[in-house]
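Dropping the structures in below, format is structure tokens.
Presented sequentially are two complexes of chain A, the first with chain B as partner and the second with chain C.
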Partner chain A sequence: MTWNLVADVQQMLSYHFMLNALRAGTIVAVVAGAIGYVMVLRGQSFAGHTLATIGFPGAAGATWLGIGVAVGYFGFCIAGALVIALLPGARRPGSGLGGSGEESAGIGTVQALALASGFLFVSLYKGFLSGLNNLLFGTITGVSDAQVLILLVAGVGCLVVLVALGRPLLFATIDPDVARARGIPVRLLDVAFLVLLGIVTAGCSQVTGSLLVFALLVAPAAAAARLSARPAAAVVLSVGLALLVTWAGETIAFFSPYPIGFWVTTLAFAVYLLAIAHRARLERPGRQTS
Partner chain B sequence: MIRPPSGKVAAAPVLRAVTAAPDVVSLRRAGSAVGGRTLWSEVNLHVRAGEFVAVLGPNGAGKSTLIKTLLGLVPVSSGEVTVLGSRPGRRNAAIGYLPQRRAFDAGVRIRGTDIVRLGWDGDRWGVPLPRPLSGRRARATRQRVDEVIELVGAGAYAGRPIGQCSGGEQQRLLIAQALVRRPELLLLDEPLDSLDVTTQASVSALIQSVCRSEEVAVLMVAHDVNPILRYLDHVIYLARSGVVMGPPEDVITADTLTMLYGTPIDVLRDREGRLVVVGRPDHPSEPSRSVP
Partner chain C sequence: MLSHPFIQTALIAGTSIALLAGCAGYFVVMRGQVFAGDALSHVAYTGALAALAVGLDLRFGLFVAAVGFGIVLGLLGGRVNADDVIIGTTLAWVLGVGVFFLALFTTNAANSNSNANVTVLFGSIFGISFAAAATAAGIAAGLVVVLLVIARPLLFASIDPAVAAASGVPVRLVGALFLAVVGAAAAETSQIVGALLVFGLLAAPAAAAGRLTDRPWHGLALSAALALAATWAGIVLAYAAPTFPPSFTIMASAAAEYVIAVVIARRRATGRARPDAVPRRTSGPVSTAQALHARLTAEGHRMGLATVYRALRVYADIGDIDRTRAEDGTVLFRYRPDPGHHHYLRCRSCGYSVPIHSEPFEAWTATIGSRHDFTDLTHTVEVLGTCSSCWMHRGEG
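For the complex of A and B:
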């Protein structure tokens, strides 16, 4: 590291693994920023967190069986999304306005089961211990060309579906009762959104690891919601913050001996704190809120 | 207009002008059962265009179920229901609906304008184009949203996150959402609930003025009839033993309520014309002394 920014970045980009990490990070940040905003609005952070932990047994099981890790992540996360969607009372429509739907203890049970079976798969696959950390906390060197391609396809697919669901999804999130009366298939949107969330967490997990998915899924979105009350602007902000956090985190991780997950998470947390501080300053007594 | 199932108070049929507006809502011998329990049966009632009608009755009498039946969300167990000339649920796009609810969570950071806008095109797939790329239709949309926000007098706070608006402000914005598509029928389920007395009065006056100026029929479930009493054309009283519809002065009487509840009930009127119902209604959730 020379402190010559241009030279440093050139050096970083001359490594193929680093290029792939940045590509994967960019894809994941854009999708997680957008889907994360809707997740925060719907109050489904706990479901999102559970889906992320479900990715861990998926990846561990796939490694144990000798099939691609990506297959395990996506397979388990999508299946997990369907399970959560079918849990009774997972999100009881009409229980509140503004996406404050209740999440049942059932989701927590699913989460515990996921972590336990992940650990089982790890112990079944002997000599896997160094990989365990990577599955849980992410690695900067682990992204292959094939994985980038899968992430790209999954990411573009998610974004297209999210944009297509657009307004009805927002309506069903904010006001499920009125949305249903207007003929919007609220229940179907619930399931569709959980599947989207499953796909995004599966993608995210491959960069940040299962436990740190939240850095990209929640922090930028929660920060963006505090900065703007306009849905469109908040989504753009959320994506921008997620990109910033990912690029900066990956760059710092490249030049430091510490893991990528730590840097991305720390930066995301900093962004979140700054947003809260900014909002608190705006809402001081005597100031017009926006 | 009074068509009580028992026939006891059929003495005062309302003879409206023959040229009266067409029925917006009509129920013929309709009945509703939820979970095997009959809520109401043999109900005959008609609401015409531009009428302001209150739905009263004890808790559990099926007031909200009546609203949901009109929206096609709950099927009738018997009889026939017509809403805006079609089966319930067919013409919901022409109905503004305000469900019974609590307030928005304080953390909901979506502007009031966006909430109103959802009423306009929230059921259309996809997302609107960004402002610089949007055309005349988007401008018309924004114009209509602004117009209806002005109509309900919410201009001062429509740009604020809805979670930070007061209960009355939220209710006005939600009424704007229900009105934005120029509905022919407004179904309001306890819109005055959890509002303070002053706000109840101003929201009631708003609903009344909208009912008149936009010529929209209003069917409003109310716990307390007094804030809206002087605006009402009709009252529907739902009770266990039957349903009565008619002008408020005919329905909220000691005789009618005694018949409906099957126990002696008195209706008192104070100096300002407010009604107080006194008695021992047979429904356990109804307090011994209450306002209809």
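For the complex of A and C:
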């Protein structure tokens, strides 16, 4: 590293793997930023976290069986989303899946079982211990051209569906009872959103690792929600912050000996803290405008 | 099978830790702190790796990190339940820091023990030494005793924090102490099933118990028993089929218990007696949950106080019961005979209440709403006074 910014960036971009990592990171950040905002609004952070961890047994299982890792990620995450949607308690009106008590205990059970199955697949497929860490915590060297293409297709698909569902979904999120009375299929939207979340987490997992997807899903969205109350502005902001965090994290990870997961989560957390601090400053007594 | 020393050790550690996880988990689920429990187990992972990175015993890191974080979460108080975004963001970052320590630890050439990370993440009950198992059993026994000592106030504080605080229960202190115990339990449990799976042993048996019984003490015992059964079944299965790691068989047993409990509860739900007596008994004067419970018990209904609370909450949510607060903060309930909107004039000493005509007030609210361009208005009106009977008998009590 030379501290010559242009030369450094040129050096970084001369590696094909780095280019792929940035492409994948960009796709993932845009989709995660957008859908993460809806997730935070719906109070489904815990379900998101669980879906993210479900990617791990998917990838481990696919490696064990010798099929494509992407198939494992997407297959398991979508199946996981359907299982969570079917859990008892999940259909109680007005209660997000992150709600208290039993429904989250059910989600937690799914999560622990998923991780345990992942561990089982890892031990059945003897000898990829370093692969285990990459699956869980991500790596910037692991993204292939084919994966970037799959991510692009899945990402664009998710965004299209999200935009199509956008208005009714927002309505069903904010006031499920009224939405139901207006004839919006709230239950169906719940399931559709969880499946969408599953696809997105499956995509993210391939860049940040299963355990750290969550940082991209929740932190930029939570920060954006603190900075703007208008949904459209907040979604744009959330996407922007996610992009910033991903690009910066990948760049720093390239030049430092520490893994990408650490940098992405730390930057995301810092963005969130800054948003809280900014909000607190705005809300300080004496500065209200009314 | 029992002649193998490693099985004996596993059974000692597994039994004691399962009992602890079952008891602690029951309260975690009841208090709605599942996500916080999840966060604690991730903190335990980071703590363990930090200890490894600086060359300490990993158990030291496990306990310091998990117990410390538990106390901090507990002192932050009720906010922890409310904001899953804060827990989620912190949790993601804590894991990221764990990865950082992992990188530090593995790049340090002096460390030959490259399996340590996998052990911390996924545990290995068959790899535990006898000394470690004995320590684990001792600590688990101590923690179970602590839990049982604080169980009553904890239960009270979980079900109705306002009344508990009014009755002199140090709600916040109990909450912090409880999360410290959960932290220690997470640290203990992660030694047998690993930091990532702790959470399953905390949540699954407790959730299954919650499906099967509404009565707190039965639930607590059942949760501990189910955790124990899952652990034993897991150990036996892993011994019988050595390809399966014990952490997986334990988790799979716990998840199976939960699924079975859900199925049983669903089949039973159709025929089960519902606490229908609750809303009808709230007609007449307003009542506190305790007074109502006493009345129901006197009338021969077998029903716990927690069930009364649960039923009241359900009926209040669907609008069959009005919920108000007395001047000291106690929650009062009153049966609402028809679904309309009502206001009451209530006696502050005996609780006798009469519905009042409030059309002038409603009209006034609607007027100011339209004048300021507000729609969908709601309001809370409490009119208190002393009823004639109480006024006549004043000074007697």
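Note that the second predicted complex is superposed on the first by the 277 of 290 C-alpha atoms of A that agree within 3 Å, B and C clash if a C-alpha of one lies under 4 Å from a C-alpha of the other, contacts with A are read in each partner's own complex, and residues count from 1 in each chain.
The working rule: contacts are C-beta pairs under 8 Å (C-beta built on N, C-alpha and C of every residue); 3 or more make two chains touch, one makes a residue touch a chain.
Keep in mind that what you see is a predicted model, and the values were worked out from it rather than measured.
Visitor: Could you classify chain B and chain C on chain A, in the superposed arrangement, as clash or fit?
Guide: They clash.
Visitor: Could you tell me if A:155 is touching chain B, chain C, both of them or neither one (first, second, both, neither)?
Guide: Once the two structures are laid over each other on A, A:155 reaches no partner at all.
Visitor: Contacts for A:171 in the overlay, against chain B (first) and chain C (second): which applies, first, second, both or neither?
Guide: First partner only, chain B.
Visitor: Who touches more of chain A, chain B or chain C?
Guide: Tallying touched residues of chain A, the top partner is C.
Visitor: Thinking of the overlay built on chain A, is A:25 touched by chain B (first), by chain C (second), by both, or by neither?
Guide: So A:25 meets neither chain B nor chain C here.
Visitor: So in the superposed three-chain picture, is A:106 touching just chain B, just chain C, both, or none of them (first/second/both/neither)?
Guide: The second partner, chain C, only.
Visitor: If we overlay the two complexes on their shared chain A, which of chain B and chain C does A:232 touch? Say first, second, both or neither.
Guide: Only chain B is touched by A:232; chain C is not.
Visitor: Output check: A:124 vs chain B and chain C. Expected answer is one of first, second, both, neither. What do you get?
Guide: The answer is second: A:124 touches chain C but not chain B.
Visitor: Going by the contact definition given at the top, which residues of chain A touch chain B in one complex and chain C in the other?
Guide: 98-100, 225
Visitor: Quick check on the complex: what are the chain A residues that touch chain C?
Guide: 40, 43, 45-46, 48-49, 53, 88, 98-102, 104-113, 115-117, 119-120, 123-124, 129, 132-133, 136-137, 211-212, 214-215, 218-219, 222, 225, 257-259, 261-266, 268-269, 272
Visitor: Going by the contact rule set out above, which residues of chain B touch chain A in the complex?
Guide: It comes out as residues 71, 73, 92-93, 95, 97-99, 101-105, 107-111, 114-115, 118-119, 121-128, 130, 159-164, 177-178.
Visitor: Okay, in this complex, where on chain A does chain B touch?
Guide: For this pair, the touching residues of chain A are 41, 94, 96-100, 163-168, 170-171, 174-175, 177-184, 225-226, 228-232, 234, 289-290.
Visitor: Mind pulling up the chain C residues that touch chain A in the complex?
Guide: 29-35, 37-38, 81, 84-93, 95-97, 99-100, 102-103, 107, 114-115, 117-118, 121-122, 193-194, 196-197, 199-204, 206-207, 210-211, 243-245, 247-248, 250-252, 254-255, 258, 262, 265-266
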